[in-house]
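Here come two complexes built around chain A, the first alongside chain B, the second alongside chain C.
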Partner chain A sequence: MTNWQNLQPRSFLEASARDRAIGLVDEGSFTELAGPFDRVTSPHLELLGDAVAFDDGIVTGIGRIGKTPVFVISQEGKFIGGSVGEIGGAKMVNTIKTAIDFHDDLVAKYPDLTDEEKPVVVISFETGGVRLHEANAGLLAHAEVMDQLQKARGKVPVIAVIGSKVGGFGGMGFVAAATDAIIMSEFGRLGLTGPEVIEQEMGKEEFDASDRALVYRTTGGRHKYIMGDANFLVQDTVEAFRKQVAELAPLPVADFEAMRRIGSPEKVENQLRLVALAAEMQPKDAVDVWAKAGNENAAGLLDVPFAEFMSTVKRLSV
Partner chain B sequence: MTQHDTRKDWRTRAADTAARKEAAAPLFAKGKEVLAKDTVALLEAVIRAGDVINIEGNNQKQADFLADCLNQVDKSKIHDLHMVQSAVPLKSHLDLFDNGIAKKLDFAFGGPQAARVAEFIDNGKIQLGAIHTYLELFGRYFLDLTPRVSLVCAYKADRKGNLYTGFNTEDTPVIVEATKFKDGIVIAQVNEIVDELPRVDIPGDWVDAVIESPKPFFIEPLFTRDPANITDNQILLAMMCLKGIYGEYGVTSMNHGIGFLTSAIELILPTYGAELGLKGKICTHMIINPHPTMIPAIEEGWVEAIHCFGGELGMEDYVASRPDVFFIGPDGTLRSNRAFAQTAGHYAADMFIGGTLQIDKYGNSSTATAGRVAGFGGAPNMGCDPKGRRHPSGAWLKCGEELPSLDSLTGSVPRGKRLVVQGVETFGEGRKPVFVDELDAWKLAKSANLDIPPVMIYGDDLTHIVTEEGIAYLNRCKDMETRMAAIRAVAGFTEIGLTAKPEETKALREAGIVKTPSDLGIDPSRATRDLLAAKNMRDLVTWSGGLYNPPARFRNW
Partner chain C sequence: MEMQESMMGRGRDAIDMIVDPESFQENTVGAQSFDDPEFGPGAVVGTATLDGKTTTIIASDGNAFNEKFPVVYAGIIGMEEGYKMAQAVYASIAADADKPLEEKRALVLIVDTPGNGPGKVEEIFGMNKSTAAYQLALAEARLKGHAIIAMVIGRAISGAFLCHGLQADSILSLDANYGTMIHVMPLTSVSRIIKKPLEVLEDLSTKSPVFAAGPRFFYSLGGVGALIDNVDGMRPALIERIAEVQKAKAEGKQDTLGPWGRGALGAERGGRVARPKIIELMNREFAAVAEQYAPAR
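Let's turn to the complex of A and B:
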């Protein structure tokens, strides 16, 4: 069994889905639901004669941070790239749904509950989106997760944490964008179409997926933080992510509403201003936009150590 | 009295060279500079059908512009060229044969073009001379394969033809010396023509023409391994190597072959190596490219000297800042030299450690597979016992002392032996078994009409095999029977491994010929990535104090 104390200083990037789930909440508080001993496996993979995972590559459960019940979803990139199929998707949907039901029951029973005592959902993304083996079932799972996010809105805050190898791409990039708050490390990546797919569709001149530096300064944590697509940028340790979640967990839902990047006419206005800026600037590289945000030595921001980055970076506002 | 020459003219080569240069004279812009647009015309002027031609290129820097230009010459005039070159990793190298410009090939390393080499041998487009090791081929440049025209590359040149090859000097000196001192013609592509060079690596009067290429030459960061991709299993192997071989024999000088196992070893020197108390006792002198994964051990003071075959992209500033360790010129930048590094790796170093794709039941190993003629580059130079070696060292003597059959040929005279180690997981790339009954090299020999199967390391040179099952000390085996049993004992669940007999393996363990992790006192549960001094590229940059500048493809931030 993973030692929680040992886990805290370790690299979040290197941590498995289960270790992340355990480490993101208070010591000893995590209980896994629909775990590997329940052996809920993908019927599609079995039909195709492919190997299955007893957790279908997604760890779900509940833990606690201080007084806050925390429902955790954690995706494992090592199993088919963290792809989400029917079973994994159902585990995500039901975890969020359970959090909402729990919230409603709790509030009905104890109307004086403080914000700190109401549940939150944390999703640790490591996925390229739909599991292509499961096609429609996987797509449907994405839609159902989105549906639950809408139902949770205004009641149960949903926090995305992104700092694992695969990043959060494809349909799950949409899901991440639809959460209330996004925490990333500089090794995290967030996007819709993955780099390889862009290259395949648009050519190497448009986007060279083998140029990892290009990939990271276009989809990575530092860029997403400057652009405002990520709310928080933290060090690459389990502890740093947990502490950021812990800071957010007791906040009232109104604060989470303010953190959203989309989801209201004002937010849409802001996004449209960003699009207009891109059309006007025609940036050749992410660094051009960083300079536009007021960073004098924008290219230098790529390599400076994390602490220096955080103390000097200027974020884009339109 | 005066002797009469029986031959009328002793300067036919010089005269021929002069005639060729005369034909090219109108193409020179200023001094030795020829403009890029005139390169094809220059090659057509100085090259004749049937010439022996060298295109510089190893597994790192490439005279790629000149290779492209050679493909554009008029093949009705220039054909049947005999290419002699270290490596043929570029498409353009093979296009020469496809286009009917070149006919014969002598080389050492095929790399990414290995499949095309095999195909062209098979369909007759390539007449294969031989597959060499680097030193062997360099030697033949001075014997029977001297280039008539060489197309080399450098970072900078001046208009007198002086070249700055700097960090990536690699093969340039050996090619230029062999060519120029036999009245050949040397043409260099450079990234930049300048008035003053940082230093002169190749004197201008050895160079006939310099061309500023439209693009900087291609260079491959071949020796960079991202620590993020090292597995726990590789760390277990690395622990066994350090304790059971490096520490056991006190190996101070060595070459590390390319791969994740050697990267893992480099990265656990400051952690597990320090815990074993081996600092200062092992790895003090190394013949390697500037591996980024060596940075933590260098920073911790493990290494006294490193000489390099070539440079490694991104390591320029770091290496230049550690002149106590690396070979740095008066201008403050590294000079690599493949010929000297290979010589040191062959004669001066006590150990070679590397990986392979296949090992047969006798202990012969090869990376050759059916349909791919890749060659081995420098591995066989270093992965063999140098019979000409005469200087003793602790590790060399101990390895020789353990050889039970030594007296069968040299009687009572003591002799040392190079440690040649192959570290492999029993199932390698694509879950294919590494231990096999017969090497695929045999199939390749048949399909490509080779006289002998291309073996990378012969069984009589191999002294140790390390797998996740344990270490086989082949140098302690008295005969082929024992050797085959020791190989079986560490071959795991491969078909070879499944033929191991438990009682036989037990006897080998008692005799110290086979040692499992527990025999070595290693707890496999400690073999985790936590032991790595750097877990990713970013950590390496941090260890280097910001001096290491990883190539774009290795950056994950």
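Let's turn to the complex of A and C:
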């Protein structure tokens, strides 16, 4: 078992799914559910003769932060890019469902239940979405996750943490967008269409996927923070992510509703103001939008040290 | 199976085939009107009557091109389209907010879309929010008691199907004789990306529906409720299915519908049998530790 204390200062970017799951909650509080000792593996990968993982590339379980029960879902990018198949998808869906059911049980049982005693869900994304080896089952699982996210509304806050190598793309880009609050590090990436696919669809002149600075300008944590798509930007350590989650965990669910980017007619209207800005600006690069947000040194924003970025950056509002 | 003329790119024709004659009023849903013809032209939204009952219609226009966002053509759902569709759903919820369950209008999603806008501007501004907003709106309407039925007439591809279709209570599809395409990616592309010979994947497709493309495989996974082999069958099937869904909702059987209900259907039809086992295992393991995570009193 990994030592919790040693995990805290470690790079979140480099941390495995299990280390993230253990490190994001209080020391010694994590219980894995449907873990590797259960050896539930993908029957579809087996049919293809491919290597399987005893956790199907996703760690699910429950821990605690202070008085808050924290259900954790953590995707492992090293196993087929963190892709979502039938088993892993079902683990994800059922973790959120279990949190909702647990919430309902606690509310029924304890009339004096406080906000900080109510469960939350934390999803550590590292995935490009559907696992092509079992694509249809993976796609259907995505729809189930979205359904559970809506069912969790007003009961169980869902917090996305994004700071791992693969980022959060494809159908899981929708899922991340649909959570209540998003915490990213500057190394986190979030979007729908991954850089390679944009290049393939639009041509290298439009988007050069090998240009890492371009990729980070378009989908990286600093950009998403400026756009308001990430609510919080933190340092790249397990501890920094845990502390941000810990700050949010005891809040009443209404506070989480206020953090959402989408999920109501009013929020859709606000997003449409951004879309109108996109149509008006036709930006060639994210830097154009950063300048529009009022950042004088827009072109240099990606290069300034983290602390300076946080203290000087102006975020877009419409 | 005799091939029929494809319905691909013919979302507007499908609306006419389905709703009561001359009843479709485009760009009006409840109190909301969509007056700007340049706003989200790839999305067709409006209100019709179906068997005399007020119904919201949401479809894609395969012939529209969005001048402001040129990745939107051929039925692609772009940023404006996704939000426009979401607005149509919210307007449906608002219009019937005070009505009893049985009087809440149904929503019919006519599905023929090849994808979501894949562009740089889309990524800069967050295309993922637009489609997610639409999915959340649909899930909210479904959970608030509106019957939502998707009717796949052409292409139901990957993320675009997630966005426009897979949040429905129930999904109907024209059968393979109409060239209906339901998949994440064609097997040829899957073969290239996961580096497996096409023959291997084709062979596996016959044994396991999770790899393959087409409405029949989705049927066995529970992803499609019923197949329809004739365009004339769409209207009566939708009328019947709406009534069944409304009845199930009135009886409190919400769990037999929507994405969660499709899970059970997939197990029943033998296409997704691993899913229920892992869920059952997790539930058992959680029950054993749940008390540790309840508040100390």
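Basically, the second predicted complex is superposed on the first by the 318 of 318 C-alpha atoms of A that agree within 3 Å, B and C clash if a C-alpha of one lies under 4 Å from a C-alpha of the other, contacts with A are read in each partner's own complex, and residues count from 1 in each chain.
Simple rule for what comes next: a residue touches a chain if its C-beta (ideal position, glycine included) is under 8 Å from a C-beta of that chain, and two chains touch if they have at least 3 such contacts.
Keep in mind the model is a prediction, meaning the values are calculated, not measured.
In the superposed model, A:S11 lies in contact with chain B only, and not with chain C. Judged by the touch definition given at the top, the superposed model places A:I73 against neither chain B nor chain C. Once the two complexes are overlaid on the shared chain, A:D303 sits against chain B while remaining clear of chain C.
More chain A residues lie in contact with C than with the other chain of the pair chain B and chain C.
Of the two partner chains, chain C is the only one touched by A:V130; chain B is not. In the superposition on chain A, A:A213 makes contact with chain B only, while chain C stays out of contact range. After overlaying the two complexes on the shared chain, residue contacts for A:L149 are found with chain C alone; chain B is out of touch.
Judged by the touch definition given at the top, the superposed model places A:I226 against neither chain B nor chain C. Judged by the touch definition given at the top, the superposed model places A:V289 against chain C, while chain B stays out of reach. In the superposition on chain A, no contact is made by A:I22 with either chain B or chain C.
Within chain A, not a single residue is touched by chain B in the first complex and by chain C in the second. Here chain A touches chain C in the complex through residues 31, 33-34, 38, 40, 42-44, 47-48, 60, 62, 64, 67, 69, 86-87, 89-91, 93-95, 98, 102, 105-106, 109-110, 113, 117, 119, 129-130, 132-144, 146-147, 149-151, 153, 170-171, 173-178, 190-193, 197-198, 201-202, 206-207, 218-219, 223-224, 227, 229, 261-265, 267-268, 271-272, 274-275, 277-279, 282-283, 285-286, 289, going by the rule given at the top. For chain A in complex with chain B, the touching residues are 10-11, 13-14, 165, 186-187, 210-214, 216, 220-222, 302-303, 305.
Those residues of chain C that touch chain A in the shared complex are 68-69, 71, 79-80, 83, 86-87, 90-91, 94, 116, 118-133, 135-137, 139-140, 143, 158-159, 161-163, 166-167, 183-185, 190, 193-194, 196, 200, 204, 207-212, 217-218, 221-223, 258-260, 262-263, 266, 271-272, 274-275, 277-279, 281-283, 285-286, 289-290, 292-295, 297.
Only residues 228, 529-530, 535-536, 538, 541-542, 546, 552-557 of chain B touch chain A when the two sit together in their complex.
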